[in-house]
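Here subunit A shows up in two complexes: once beside subunit B, once beside subunit C.
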Partner chain A sequence: MGTGTGTGTGASTGARASQDAGRRPARARRRTRAPATPSSTVARPGVGWALPATLFFGLFALVPLVLVAVLSFASWDGLGAPQFAGTDNWAKLLDDPVMIRSLWLSLLLTVLGVVTQTPLAILLGVWAAGPQRNRAVLSAVFFVPLLLSATAISVLWRALLDPNFGVPAQARWLFGDGNLLGSRDGAIAVLVLVAAWQFTPLHALIYQGAARAVPEVLYQAASIDGAGTVRQFFHITLPQLRNSIITSVILMVVGGLTTFDTVLILTQGGPGTDTTITAFYMYQKAFKGFEFGIGSAIALLLVVVATLISLVVVRMSGYDRMAGTKEGM
Partner chain B sequence: MTTNTTHTNHSKGRNRSVTRGRPNYAAGFGALLWLCVVALPLYVMIGATLQSRPDYTAGGPLSLPRNLTLSNYTQDFSSGFGRYFLNTVVVTASVVGLVCLLVPPLAFAIVRNRGLATSRIFRIFLLGLAIPAQAVIVPMFYVISKAGLYDNLIGVILPTAAFCLPVCVLILTGTMRDITSDLFEAMAIDGATTRRVFFQLVVPLSKGGLATIVVFSALQAWNGFLFPLVLTQSEETKVLTLGLYDFQTQHGVDIPGLLAAVVLSTLPVLFVYLFARRALVQGLMGVGGK
Partner chain C sequence: MATLTHRARFSRTTTATLVLALGLGLAACGGGSGSSGGAKEFHVLVYGDAANKVEKRIVATFNKTSDVKAVLDTVPGADYQQKLQTVINTPQAPDVFFNWGGGSIQPFVKADLLLPLDGMVAEEPKLASSFLPSVFDTAKVDGKAYGVPMRGTQPVLLFNNAKVLADAGTQPPGTWAELLDSVKKLKAKGVTPIALGGGDQWPTLMWFEYLYDRVAGPELFKKALAGDKEAWASEDSRKALSMLRELVDAGAFGTNYDSVKFTDGGSPALLATGKAGFELMGSWAFSTQQETSPEFAKNGLGYTAFPTIEGGKGDPANLVGNTNNFYSVLKKTKHADAIADFLKLMYSDEFVKEQLAIGNLPTTTNTAKFLDSADNSAYLKYQFDLVDKAPAFQLSWDQAYLQTNATPMHQAIQQFFNGRLDADGFIKAMQALSTE
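The block that comes next holds the complex of A and B.
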């Protein structure tokens, strides 16, 4: 986890935070002026305090981000100096059937991920928000997959699904010949399953926090009106979770589009190129095919697509206007 | 500390059920089902590592282990995993060190400076949340090679730490905002320097947030895969995740040995989880954007 974090979330938190920062100084200044503090510069650190981290981040995150755009117009084999190549890389990518297919595959896997993980995570999160003791213990167990690295998880599942020594060999009645990773549909199903196993806990956690924040009065009012648990879930809990659903879906989209480790270890993009998703194709082109220019172009494309989808989700949901969930209260 | 208290208020203060009234049997059943989905692979993993390879092959993954043995673990250690383990420890400790050195002053400046420059800087870090590591891996390879750090652990440590920064800044500024301005004013009246305010007020009061960023960055560094994969090559710089990947491609049929390596790579994390569960869960909730 961790590589893909939400665009929309970041931006909106930023907006809120800067509003905050805008409001506070006025108050603080007024207050400090009144007792005529001798040194009003105390506890007002200069920009110098922020510089080391900013320079560091700039050098190792922002400079590469600019470079990736530059390199996408160059041809580079990783050894010599990059040569300017105009729009060659982009033209090649547009003509590359594997590239186009990889984008569709990435989108397919992302959509399947959202569709499987969201209902599961909402149910688990709402359930875990309840008070009983056993929920705390169970939630602690549910959390374990998040701790394991994607590498460890992929290796574990590959061993589990090994057609000769794994679970399919022991349960032939269920799996047939058992070579799940050997067919296109099987491989895609495994990738979706493993992603759900790995990430549902994170999203359940988001929903758990949000479900706890739902005002109790809403449920009390509904109970008085005679609404049952199911109706309460659909008419109160779900609408109240709207903002969390958006946050979580954006995380899933960015995370899904940038899935890499699991594909590398579980399927190697195969069978054939059946699970060659865009991020994996980028790695293959750059670090196996030594076409770093094309790799850069794919990487840039990936970021653009992920950002666009996040923006669309944010726009469509009205999240950017920070429409409240508290309406009708 | 401050985050901890708010969190506790949040979860325990309102001690009540979300789906009210009678216990929800359907949800409980679903949760148990999911428990099987989560726990079964973990059970197979640990069970497999405790038996010899012939036993495992004969019994299959779902059977109960009979003759318990730790030979899988000792074998892994003798085949290089000790080295990988050490490398991962070095990377993790350095990343955590760098993050702890860089983030607190930055967060302090963002929360207390309030100039245009710092709010711009904060915005840059928030946008940085959205950059996936894959997006920059090719230029990163270029930068690290040019700097002569290819196949050197330092070359892994620097980008890993850089990619931890945005989340850590978000978490720590959240904590530092909770320090009331009265405290700052009190110290100002006492004539404290900014440096003293930082070390005697801000750092002690941000312990909860600091713990969270330590756990978060440690987890990122420990589990990191892409940067080591692309930026290192030799046996001397191999980290655990990479060792696992190689083990899998080379001795994929030795499933007990392979799974023992998975357990080895995860054991310290699980150990930390037992002690720092709260900080970790908070950190991850922070990632989720609250």
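The block that comes next holds the complex of A and C.
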């Protein structure tokens, strides 16, 4: 960065430490850590410590991923042995309008999620970072949705939005006939709204932590220069939150692309296929239609797309360079 | 420092041991727990819900006199089909299992896993003749019987709110024209003529099932199911679709039906609170109303058969719905004889009485004699009479077809209703369903 914008988020602190460590001569590091022994590994945990996690990850993430990849080239209904089907599943998927649309829908929901939740979360988080006592109580209240399960949230919103007995029935002037979940635009709007209600607190929490770490002196200097609250927010707070924004957006992208439970309960992919997002389509094919081959192909496609998007976000934001931003502080 | 080194090494050994233990543990999970071994018992896998208490009692009755014991395994409803599909071709497979007949067992028959019951029936003809034929036939695949009915029948009926109909100056319709007339009158009164839980999709499907049956007769769907894709493009098919279109366009279901569900109580509440005049629903709607709106169920809930359609080829006495649930037997079972004895209990007096007590209507020929003494006997008798006299009882389309088709079928149904698909689009979608 080198532009004088500093930051103090947890993530970038870690990044900075590792970068500093990289810059420092190896010998110096050894001297500070283990001055008396010839073996530099003594004070560090052995490789064995990583073994359980590695094994766990391999067993429950890598092995299934490989199996899914293999299965995506087979036809299997869960009975008997999978039959090798060549590229049939993939050809079918590329030819399937629902599949292509489901990817667009997933992306749309993800983008809408980022666009709605980020501003809300930043405002809420920065506000909650303030010192007054009532804020602590209020922010605790704001974080309640975070504690509820997605299932409970979906059932709750379904009841609230019932067109004949819920809120729409009381506010016809706003909701018309209340056909929210039965129309494409309405259903998408509801999914975005529910996601915002559910996840804004989590991201606000990230921003609260980041905002608290902004050095007070910056604001003091700005005040002396005559900057008001709004200017301070845009010229100090927001730039200082940069890395947190990236962290939060990556979380939203990954979460958004794999959204499932709210769709399952609120819309079941409907009306028609209007909210059939990729993750839900995978479930429909594999676990409702017993076409595990096609389901696996969809799952693999989702993994690839999500990985690509995460990489793009990381690249575009400069997060991969782990640029230190503390200079000038 | 020495202690540190030691600790590091120790930890490595510990980890290794731990990993080994973990591996062994997992292996144990995977391998063990085999149940249907050589012991003198057979396993019965059923859908886990309130009706299990009857199944438990029947198993207990059977075990009192049999050397080979039956063991009942229940799987929570929502997971039942997934669980069944994953175990049925493994050593953990049950000997007898619950199903819906039709397409729900067809893949298992194809995979040569099921025992045709014709041998048992030849030895004990009552195993077939004790059940209503329209129901027993649902579990036939390629002309062979693969299931014995084991719970209650669920025909689809046209329920109504008697008070709402009276207020609008109309009555339960006997014909399609009368239904359209009722719709007009109810609409004029400002109520939704027909409650529909379109959000669940399957309630919408019931309208298609009846329209096709009344207009074209049950043969059209039978042909389509057998692979004749042209059936969907036939004139009768188009006529049924145009009548449905007319009904929807007349505002019979209001405009927000796709936001309403039956499963969360949305559409039953519309009927019970007088915001709607009718609801087309499986016979279970009666007990649903009894639970949520007992006062309405007692005094205001009416029910009739689906209206006649003038000039239609289908018999007005035909029914659609879930004919019943069935017990099917796996070919590899070692206790076929004991299972034959077990299945005989499905038409015993005890079975019928127990099912009636929990509100299920068994489909055995001896059911009739217990109806008078049952709770809600008027409703049960009405239903039994319909099922008994029905020349044809069409299993719900989404159960008759293979599971693979349920989702695309539901989507086409929903989209035709809300206007996103026209008749050609719907026909194309139905022709795309797989039939083998």
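Observations, loosely collected:
FYI, the second predicted complex is superposed on the first by the 269 of 329 C-alpha atoms of A that agree within 3 Å, B and C clash if a C-alpha of one lies under 4 Å from a C-alpha of the other, contacts with A are read in each partner's own complex, and residues count from 1 in each chain.
Basically, a contact is a pair of C-beta atoms (placed from the backbone, for glycine too) under 8 Å apart; a residue touches a chain by one contact, two chains touch by 3 or more.
If you're wondering where the values come from, they're calculated on a predicted model, not measured in any experiment.
Once chain A of one complex is fitted onto chain A of the other, the partner contacts of A:F260 are limited to subunit B, with no touch recorded for subunit C.
Once chain A of one complex is fitted onto chain A of the other, the partner contacts of A:L94 are absent, as it touches neither subunit B nor subunit C.
In the superposition on chain A, A:A159 contacts both subunit B and subunit C. In the superposition on chain A, contact is made by A:F287 with both subunit B and subunit C.
Touch criterion not met for A:M316: it reaches neither subunit B nor subunit C. Look at A:P64: by the touch rule set out above, it reaches subunit B but stays clear of subunit C. Of the two partner chains placed by superposition, A:L308 touches none, neither subunit B nor subunit C.
In the superposed pair of complexes, A:W49 makes contact with subunit B and with subunit C alike.
With both structures placed on the common chain, the touch criterion links A:V115 to neither subunit B nor subunit C.
Residues 37, 39, 41-43, 45-47, 49, 52, 59, 78, 155, 158-159, 162, 164-165, 287 of subunit A are contacted both by subunit B in one complex and by subunit C in the other. Residue ranges on subunit A touching subunit C, taken from their complex, read 36-37, 39, 41-43, 45-49, 51-52, 55, 59, 77-80, 155, 158-159, 161-165, 177-183, 186, 267-273, 284-285, 287-291.
By the touch criterion stated above, subunit C contacts subunit A in their complex at residues 1, 4-5, 8-9, 11-12, 15-16, 18-19, 22, 26, 82, 85-86, 88-89, 107-108, 111, 113, 198-201, 254-261, 264, 266, 269-270, 275, 403-407, 411, 414-415, 418, 420-421.
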